[in-house]
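What follows are several structures.
The two complexes that follow have chain A in common; it is paired with chain B in the first and with chain C in the second.
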Partner chain A sequence: MQANVTDKQTAASSSAAATRLKQQRGRAEMMGERAIEVVIHLCGFSAIIFVFGIFFFVFREGAPFLAKLNIGEFLFSTEWFPTSQSHAKYGVGALIVGTLSVTSLAMVIAVPFGLGAAVFVSEFCNGKSKETLKVVIELLAAIPSVVWGFIGLTVMSPIIIKTFQVPIGVNMFNGALLLALMSVPIMVSIGEDALKAVPDSYREAAIAMGATKWQLVWRVLLPAAKNGLLAAVLLGVGRAIGETMAVLMATGHSVRIPHSIFDPVRTLTATIAAELGETSKGSDHYQSLFLIGILLFTITFVVNLAADLIVKGIKKK
Partner chain B sequence: MTRKFLLNCAIPVGVIITAGTLLLTGCGKNDGGAGGSKKQAIANIGSDTMVNLAIAWADAYSKVDPTVSVEVNGGGSGQGVAALINNSCDIANCSRKFEDKEIADFDAKHPGKEPKEFMVGYDALSVFVHKDNPMTEISIEELQQLYMQDGKISKWSHLGVSNIPGAKGDEVILVSRQNNSGTYHYFREAIVGKKNEMRLGTVDMNGSKDVVDLIAKTPNAIGYSGMGYATPAVKHLRISKKKGEKAVEPTIATTLDKSYPIARPMFMYTAGEPSPQIKKYLDWIISDAGQKIVKETGYVPLPK
Partner chain C sequence: MAQAHFTATPFTRKKRRTEIIAKCFFGGMAAAMVIPLVLIVGYVVVQGAPSLSWEFLTTNPRLGGIRGGIWSALVGTIYIVTISLCVSAPIGVLSAVYLNEYAKDNWFTRIVNLAVVNLAGVPSIVHGLFGLGAFVYAAGMGKSILSASLTLSIMTLPVIIASTKEALSAVPVSFREACWNVGATRWQTIWRIVLPNSISGILTGVILQVSRTAGETAPIMLTGVATFKAIESTGLFLYNPVKDQCMALSMHLYYIATQANNAAPSLPYAIATVLLGAVLVVNATAIGVRAYLRSRKKW
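On to the complex of A and B.
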């Protein structure tokens, strides 16, 4: 009898211990999961924190200068004499024209090549050649920009002088050519994704109606994928505007409104890179360079936002 | 889709890695300063003009005193001054004197101390043209009219030069430096004058060597850089003060007797009196062994 009772008691207590253990393990697992969740959340939010942090610091350094400055003169004057001893002038008009002209020329070169390559890789290419092409194009994206700049300065410059009979080889054309080569890989990758997203039923329907390959691409795929392709182009534009090292070395870095595509120009990014290192902190010159940073931030933000909205547009469809 | 996902992940990860590296290197630097048992590090930051020379000194000094390692960084005279003010270097290289504003900033951060100046050699600026250019000399006046905003000279024919082999058109391509380098400041002061502006539309290179490289590839170009940066692909011009006066070759002798008009002293600065170890290094630089390196790297040593 007695033995029986103790047996029962021990059985009961051991089963209670087992459930407690189970609960404890459950709690530990829960805690672990919570912790991992928090870490992942932090990772997610860190991007936002960094972006706003960067924006905050750039704005804090540049904003005080806004008060001292005539915005119209800053944006439209072409006189950039930040280190003048008698009367310093901060006009970034020529730099804005430089950035826009180099970028647009780069896009004129890159868009046909980039989108053409995307169509080729996605529609005309199969198996091994497709894989090889994709790897090589991604390799193109992996070349550091300073290497591009070096090629522009030492290899392309004399070739441009000889081929086009112009007095200087580091110019808008040289820079634009490099930027085109640098933004083509992005366009191909994103553009190919966009074409891949077009349902196969479209292709089948077009072929069933007797369309040639050309008609299929031109009349069916391009219109169907146009948002994605536009996004690809805009991301390429963003890459080109933000690029610094290659244009610093290859555009000639000269403050002027270009009259031909063979004139040297200077871009906003290159100006910051070349001059920020040696300005004394807090000076007008320093603040004006940060103001250029804000300007660039705004331009690339608008371009990226446009690309994002367009991509969202596709998903809704 | 996957690619976009990867891209989205890569950006924050990249930022975190960069931030981490920055933090680590920051800590590393502090450890180097505190740990006396290891090699004593001397941080030497500043003038791009002097950076080749400073590296040559540091290399040679590692054999003279193996317990010291001198870490050289370029970036420009202004950066050296800023580093000295912010205590992030021991010696600042400067191809110009401290400006008044910089001395004020220094006093604010280091009350009771003064930036101590050591003259370590001279730098002569050469005016370079393409090696095929027939020109051999130029006057300061002509240089001023070339480089001054609204200056009168913008064509090679204005300088009496024609038929440069390989040149396209008559335009002079003016090569200059970014507008806050020590070399630019000195050239502007010595050639263009304080009251005038440098011409807009010069091709501004981002280093002394880049100027020479660009001129070597551009028959229409003219530009200025340190005498030590001369290569066989470019030609230096003799300089006269006025047109018709005798033009002077940039050499050590002409720099020292001040007959060559565009030469300047180079300085090293410390914050107040240097520590014994740094003093030893600076003394060695001024000694015959150090000055021999000045000559070897293409600069002009101090007169004996």
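On to the complex of A and C.
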């Protein structure tokens, strides 16, 4: 039949079909469309819900202990004796110092190497070698933290004992070295993005003036990309503070203020991981570990917020 | 050749020398972090490889885990990865669709983006505390595979959101406009045009999520992983995801390396090799898929 219809008829029937289609769509399809849009919106908000959920549920478990606690003492006392029968003490000062010292030592090692590698990837490599190096760095970022901890325990520890003539190989230096290696990949990838964002005209201008590559990097690129590089460092710091398994296995795990970089220390994260299994739900010890969780949440929140604001600032420019 | 007549002045020679020094300096920085790592990973694999065998993978651990194979740990990791993938992949992809296709550029969207960034930055052990408080106790799931998987799925959500979002925003706006102009609805456009064209990025995100989930230890340690458990060697449901705790490769490595006495010395190396091998193969697949699909891209 269709072979007989004229052009005019086709046009008329197709426009009629279109209106019919629209009317049909009005019911079933539009309902489906609505439903899927609601689902998409819910999923979109899920990140907010989860962040609040994390804060709520961790805080809920730890909150009852806040009433019994002197916050100043909790934060600044270095006496952490949660398992003592008669004189249980909950001071996380030494743990905070442990986290800060391991993280800062890690950054002292990681920042020059991470940013140096970012400069190398972005400015000195091209084509194949750049791709290869980026793939290798991406793979390094994928190594699980428990494997890092295992490496610290079995490979690094004897090397440190031999090289530095110290009695214990699992110590602050070991943990910091692992954290440095773990946070370098993220610094390289974010740092490389920051360097890529520097306009090529800057490079051309510097080279036209007769600058060497060395001068180009120091005098032009690093100052121009300094915000992005700062964000890269901050994300590395965030990763190092939150890292658990590697520091749990490789820092030696003794609660005290370290006097040298070869002293064993203990971090906030490692304390939660090591002790939570031994506590009973609702005990003071249990609740104090959740308060440490809130403290960690707050610290990393601030660090990530700062990094994010810096990155946003660059994009606006 | 014009260059043949060009004689290098001391100045240009000096300049060339600084150039080379600069390259070596920064190259050394990159090498200093890459080479030792490759050596260390190589060392672990060399130590672990002799005890790897099909039998090691498919027999249950014995004597509290210090002898025998890693069957129940391997299966446990696969269960956790599969379940958390089923939860986080759809939520993550739809969340990225919202951020890229629906969200307006206003303060609320900025907060959503900030929440994604912060979700990625929350320490893994805090995710573990959350899973313990929310799923194990508040939701009454107890320590189980389900609790552990849900905890990990929330933790790895940002990985999928980030790579999907990037892929969606790479699809040209003209594709969408063409689709709207023939009368397609918003969702039809997304389902038929936008998602198929960004499949490479989505796939990469999903694969990276798998590798991240497989290696994670701290959160599942608190929410549902046992240090020792033997299971049957064949069958479809080796664990009951709702009731059982399971073993996991990452946790098994931690336990054998730090807590267990008298374990065979090569055992932790062998577990580490399996874990490393799995994670690196999965990641290499992601990189390969990305490269393949990118090479087929038509615009």
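Everything that follows uses one rule, which is that the second predicted complex is superposed on the first by the 286 of 317 C-alpha atoms of A that agree within 3 Å, B and C clash if a C-alpha of one lies under 4 Å from a C-alpha of the other, contacts with A are read in each partner's own complex, and residues count from 1 in each chain.
Everything that follows uses one rule, which is that a contact is a pair of C-beta atoms (placed from the backbone, for glycine too) under 8 Å apart; a residue touches a chain by one contact, two chains touch by 3 or more.
Bear in mind the structure is a predicted one, so any value in this text is a computation, not a measurement.
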Is A:66 contacted by the first partner chain B, the second partner chain C, both or neither?
neither
Should A:254 be classified as contacting the first partner (chain B), the second (chain C), both, or neither?
first
Specify the partner with more touching residues on chain A, choosing between chain B and chain C.
C
Of the partners chain B and chain C, which touch A:209 in the superposed model: first, second, both, neither?
neither
So, does A:157 touch the first partner chain B, the second partner chain C, both, or neither?
first
So, does A:275 touch the first partner chain B, the second partner chain C, both, or neither?
first
Touching A:58, do we find chain B (first), chain C (second), both, or neither?
second
Is A:47 contacted by the first partner chain B, the second partner chain C, both or neither?
both
Taking the contacts chain A makes with chain B in one complex and with chain C in the other, which residues are shared?
43-44, 46-47, 50, 153-154, 249, 273, 277, 281
Chain C - residues contacting chain A, complex
15, 18-19, 21-23, 25-30, 32-34, 37-38, 40-41, 43-44, 90-92, 94-95, 97-99, 102-103, 111-112, 114-130, 132-134, 137-138, 154, 157-158, 161, 183, 185-187, 208, 211-212, 214-218, 221-222, 250-251, 253-254, 257-258, 268-269, 272, 275-276, 279-280, 283-284, 287
Complex contact set, residues of chain A against chain C
18, 29, 32-33, 36-37, 39-41, 43-48, 50-51, 53-54, 57-58, 60-61, 112-114, 116-117, 119-121, 123-124, 133, 135-140, 142-147, 149-151, 153-155, 181, 184, 210, 212-214, 217, 235, 238, 241-245, 249, 269, 272-273, 276-277, 281, 289-290, 293, 296-297, 300-301, 303-305, 308
Help me check something: in the complex, which residues belonging to chain A touch chain B?
43-44, 46-47, 50, 78-86, 94, 153-154, 157-158, 161, 165-170, 189, 193, 248-249, 252-256, 264, 266, 273-275, 277-281, 285
What does chain B use to touch chain A in their complex?
1, 3-4, 11-12, 15-16, 75-79, 81-82, 101-102, 105, 166-169, 171, 173, 178-181, 184-185, 194-195, 197-198, 200-206, 210, 213-214, 217-221
